[in-house]
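Look for chain A in each of the two complexes below; its partner is chain B in the first and chain C in the second.
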Partner chain A sequence: MVQVLEKKQINDFLAELGKKFEIIDARNDILPPKQYFFPPKEEIFTFDKKSARVSIPKIKKDFIIFGLSLPDLEAMVQLDEIMRKPQEDFFYFQRRNRAYLIGLSEDPICLPPVCALPGGDMILEKINEGQYRVLTLTDKGKKIAKSRFLKSFKNIEIKKYPDGLVPMPTLKKMLLDPEYLSDIVAWSWKNDAKIWDDLKDICLGCGICTYVCPLCYCFSVEDRNASRCRQWDACTLPNFAKISSGFNFHKTLKERYYNWFFHKFVRAYKEYGKSQCVACGRCKKYCPAGIDIEKVLINIKEDYEKYLSVAKS
Partner chain B sequence: MKNIYLSQKAKIIKIEKISSDVKLFRIKRSKFSFIPGQFVLIGIWGQGEAPFAIASSPFEKNHFDIVVRNTGGRVTHALHNLKSGDELTFRGPLGKGFPISFFEGKDLVMMAGGYGIPPIASLAEYVIKERKKFGKIYLLYGARSPQDILLQKKIKEWQKKINVILTIDKPQSDWPGCVGLVCDLIQKIEVNPQNAAAAMCGPGPMVEALEKVLRPLGISDRRIFVSLERKMQCGAGKCQHCVTGEKYVCLDGPVFNYDEIDKNWD
Partner chain C sequence: MSKPKIAICDFTDCEGCQVQIISLREKLLDLEKHFDIVDWRLVQAKKEKGPYFATLVEGTPITPSEIETLKYFREQSKYIFGLGSCASLAGIPGIISKENREKWYKIIYGAGYKPQGIDALPIQAFVKVDFLIHGCPVGQEQLVRFFEELMAGQTPSYRNYSVCFECKVEGNPCRLVEKKPCLGPITQAGCKAVCVSGGSACYGCFGLRTEPNIRALLTILNNITDKKEIERYFTMFLSRTEEYQKIVKPNL
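And now, the complex of A and B:
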């Protein structure tokens, strides 16, 4: 038996869920889903100086994030792992534990054992013009699948669609070998310096790539009069590695921009065995200078292969 | 769920001005336990948190000391305005300290430059208390001028037990000690190269220069331990401010052996 949701009943399904949960429709979001668990700016503590009382803002209601893309679901699995290790990030999980993630795929996705599921609690997968197959992946997913709008069928019509537009198809393939990506990015700093010299002249150091990245999570903490706030930071910004005495450990944009790559492809691989990238394409789409990280990595790869062939001969 | 960002309240029991812009804060605890080289995040609600190495003896369980230079930053400036009896917050001890048991039975060269003395001071307190467990012990400490030498009372006590060599940047008439960089003092050291280790903390250029001097002495990179300074904010390996190469200074450090970090791209 297969559970199916009629396309025309998606809104009814959401309205029904809305009676119990707060519904967030993420279909037209520019910012990635991290924003719902790790907001761009949040008060993590409030305090009253007179009574010396410190309190933590509570998250009161369960919520559903609807319409996440498959790369975003994959990013959420990684971000959960990052925030869990080595110690749990309290504020992230305070929200995350309350959340139900519903993915939406406009193409039929191959199911196991063909490929791994990307994550989330439930995925709605388009199988023909009028219907979505409901994939329930977790206990949370089962909970929200108890709906009169989800109907069971024995036979369903699965239409083959041409492959949807993958934002960065080559990078998506390269990500299957994170060890190789780690090697070539680490190699490039000294041996392919021209790449980084050129990029430092193109990059504006604005940090937008890190804000729109579903797997960038650096932050800074700043106190206001009665609260301690945590906000998104960006390792490409000038003062990111500056210490109180004024010394800056990453003085140049070249160092800061490379550090962004180094974290995603080298340090992340050492820490988690994966690149911290899901080839969602946001960084390219929103970069005001038009930097395309897929192209950068392809260039490094080509230079590395050239270097290897010269070294061999 | 444990909240790793929640700090504890603690009372300041003593504040001592130890140079024109540096104060020592003694913070009351009970059963406080740490390893020399570990750090704490000290905070004031409304101002923020900042990392400081613990400067006191690990044998002292009822308080710990931090040494704070007023850099003009929000936290250090606010700390300098506090009085004895005021409260602050702390998280920690955090990070990895010096490998004390590895040092035992060896000659030990401790080196500090400028404001890098606090973690070395804590280590010095430890090795002096356990003096018999170590071979020859040296402390080399360089500062800009005699007035910038911190913890002078402590140093006088240490001089009775270990070889302390002080140096200042420029000659000054009433100064009996050495003049010049800490790395120029290395000729004054006699250790058994097969059985020696080094511990240091100071500005980056000093650390690099010293490493080059220690090698001829026969002390290999893996026996040179450096305490690094970075902007640790979260103290939990998440915020990314303290990274160096593949390491997080807040979790993997702040103490590293030189072999772990000298090949870092940055």
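And now, the complex of A and C:
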């Protein structure tokens, strides 16, 4: 049996869910889903002088984030893991635990045992021009699948759409070997310095790549007027690695820009065994300087291979 | 204990930043519990002599007497703060070009007029300034933040990130990606990207962010538009900055 949602009934399905949940339609979002659990700028608690009490933001309603892409769902699995270490990030999970994630995919979904479980609670997988197959992946997913708009069929036309929408196909393949990525990025700092010298002249250091990255999670904290505020930070910004004595660990844009790669591909591999990248392509799409991260990694790989072949001969 | 005395003075400008202070309304009354505004030409008849805890300077001095007044406030004040882009960057008065000025003098004031005005410069060209509240006009949230920091005895702090952060939070795609000029990446945040959200470019009225990569932005702008346009963008607010004179101008 295949559970199916008619394309033209997606909005009805959402409207029905909207009676119980707050619905967030993420289909046209520029910022990645992390924004709903780890907002760009958030007062995490305030202190009230009169009552001498600390209060934290209250999440009133369960909410559904609709329309996440497969890379974003994958990123959410990783971000959940990251936010659990070394201890659970309370403010992240107080939102995350209330959220239901619905993915929307034009590409065919690969499920266990062939592939790892994709993230999300439910995924709508396009099976032909008018219909989506409904994949419920978690208990939360089952809860929202009880809808009169989801119908079960025995025989249904399932068209296999080719993987056409992968924004960075080569990088996606490279991510299958995170150890290699980690090795070549670490190698590049001293042995492929030209790459970083060139990039430091192009990069504006504006931080957009980190803001739009579904797996960048660095923040800065500011205490002010009886409240604590945390805000996304970006490692390309000049004061990111500056400490209170005034010392800056990353004095140059070259160091800062490399740090972005180092964290994603070297440090992340050491800490989690995988790269913190899902090849969603946002960093390239929104980079005002047109930096293509996939291309940078391909260049490093080529230089590394050249270096190896010279070393052998 | 008497409350700290604050003066607010203004030179050549549109007075819009002072209007922003007034527009804080009840919030201003709240803040004013912690200090006394003892001299504020635009708003009140009360006018006390110094010394002052702090003076907020709006606008840029362009006559000898205005420069003297600014120096007087500097001597009388523990802190001097620039209020808005005219004070911090020479702002709109800084756009004026000398050649045109001669022509307009004649048209407006007649042939016999002897000009007294000098070229607009940021107030830090004349006196030591402790902090600049940027913006054209300054933002209300930013003003509250500034006053709170001041009253808490903190050093007011600049935002060391680009407008791009606030622009992304506002949900804007990138102007530069769309091949439209923008100075957002080199400009200090604090405005909530109001211009870009409204369909305009960022002209940098909040001043340059720490360590802006201006050369990289020039490369991008050169691919999008011509040198005349680039000059127009940079001279809206940034022509009096060292970076403009040293990096941008020689490349135009």
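Note that in this section the second predicted complex is superposed on the first by the 303 of 313 C-alpha atoms of A that agree within 3 Å, B and C clash if a C-alpha of one lies under 4 Å from a C-alpha of the other, contacts with A are read in each partner's own complex, and residues count from 1 in each chain.
Here is the rule we use: contacts are C-beta pairs under 8 Å (C-beta built on N, C-alpha and C of every residue); 3 or more make two chains touch, one makes a residue touch a chain.
Bear in mind that the values here come from a model prediction, so they are computed numbers and not experimental data.
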Exercise. Look at A:93 in the shared chain and tell me whether it touches chain B only, chain C only, both, or neither; answer first, second, both or neither.
Key: first
Practice problem: State whether A:232 touches chain B only (first), chain C only (second), both chains, or neither. | Solution: second
Self-check item: Between chain B and chain C, more extensive residue contact with chain A
Solution: B
Quiz item: Which partner does A:128 contact after superposing on A: first (chain B), second (chain C), both, neither?
Solution: neither
Quiz item: So, A:191: does it touch chain B (first), chain C (second), both, or neither?
Solution: neither
Quiz item: Where does A:147 make contact in the superposed view: on chain B (first), on chain C (second), on both, or on neither?
Solution: neither
Exercise. Please identify the positions on chain A that touch both chain B and chain C, taking each partner from its own complex.
Key: 224-225, 233
Quiz item: Which part of chain A faces chain C closely enough to touch in the complex?
Solution: 29-31, 40-41, 201-208, 211-212, 224-225, 232-234, 237-239, 253, 285-290
Quiz item: How about chain C: which of its residues touch chain A in the complex?
Solution: 145, 148-149, 152, 160-162, 164-165, 168-169, 171-177, 182, 184-186, 209-213, 215-217, 219-220
Quiz item: Can you list the residues on chain B that touch chain A in the complex?
Solution: 1-6, 9, 45-50, 69, 71, 73-76, 87, 115, 203-204, 229-231, 233-234, 236-241, 243-246, 251, 265-266
Exercise. Sort out for me which residues of chain A touch chain B in the complex.
Key: 44-45, 47, 49, 52, 54, 56, 82-83, 86-91, 93-94, 186, 189-190, 217-226, 228, 233, 235, 240-247, 249-250, 255, 258-259, 262-263, 266-267, 270
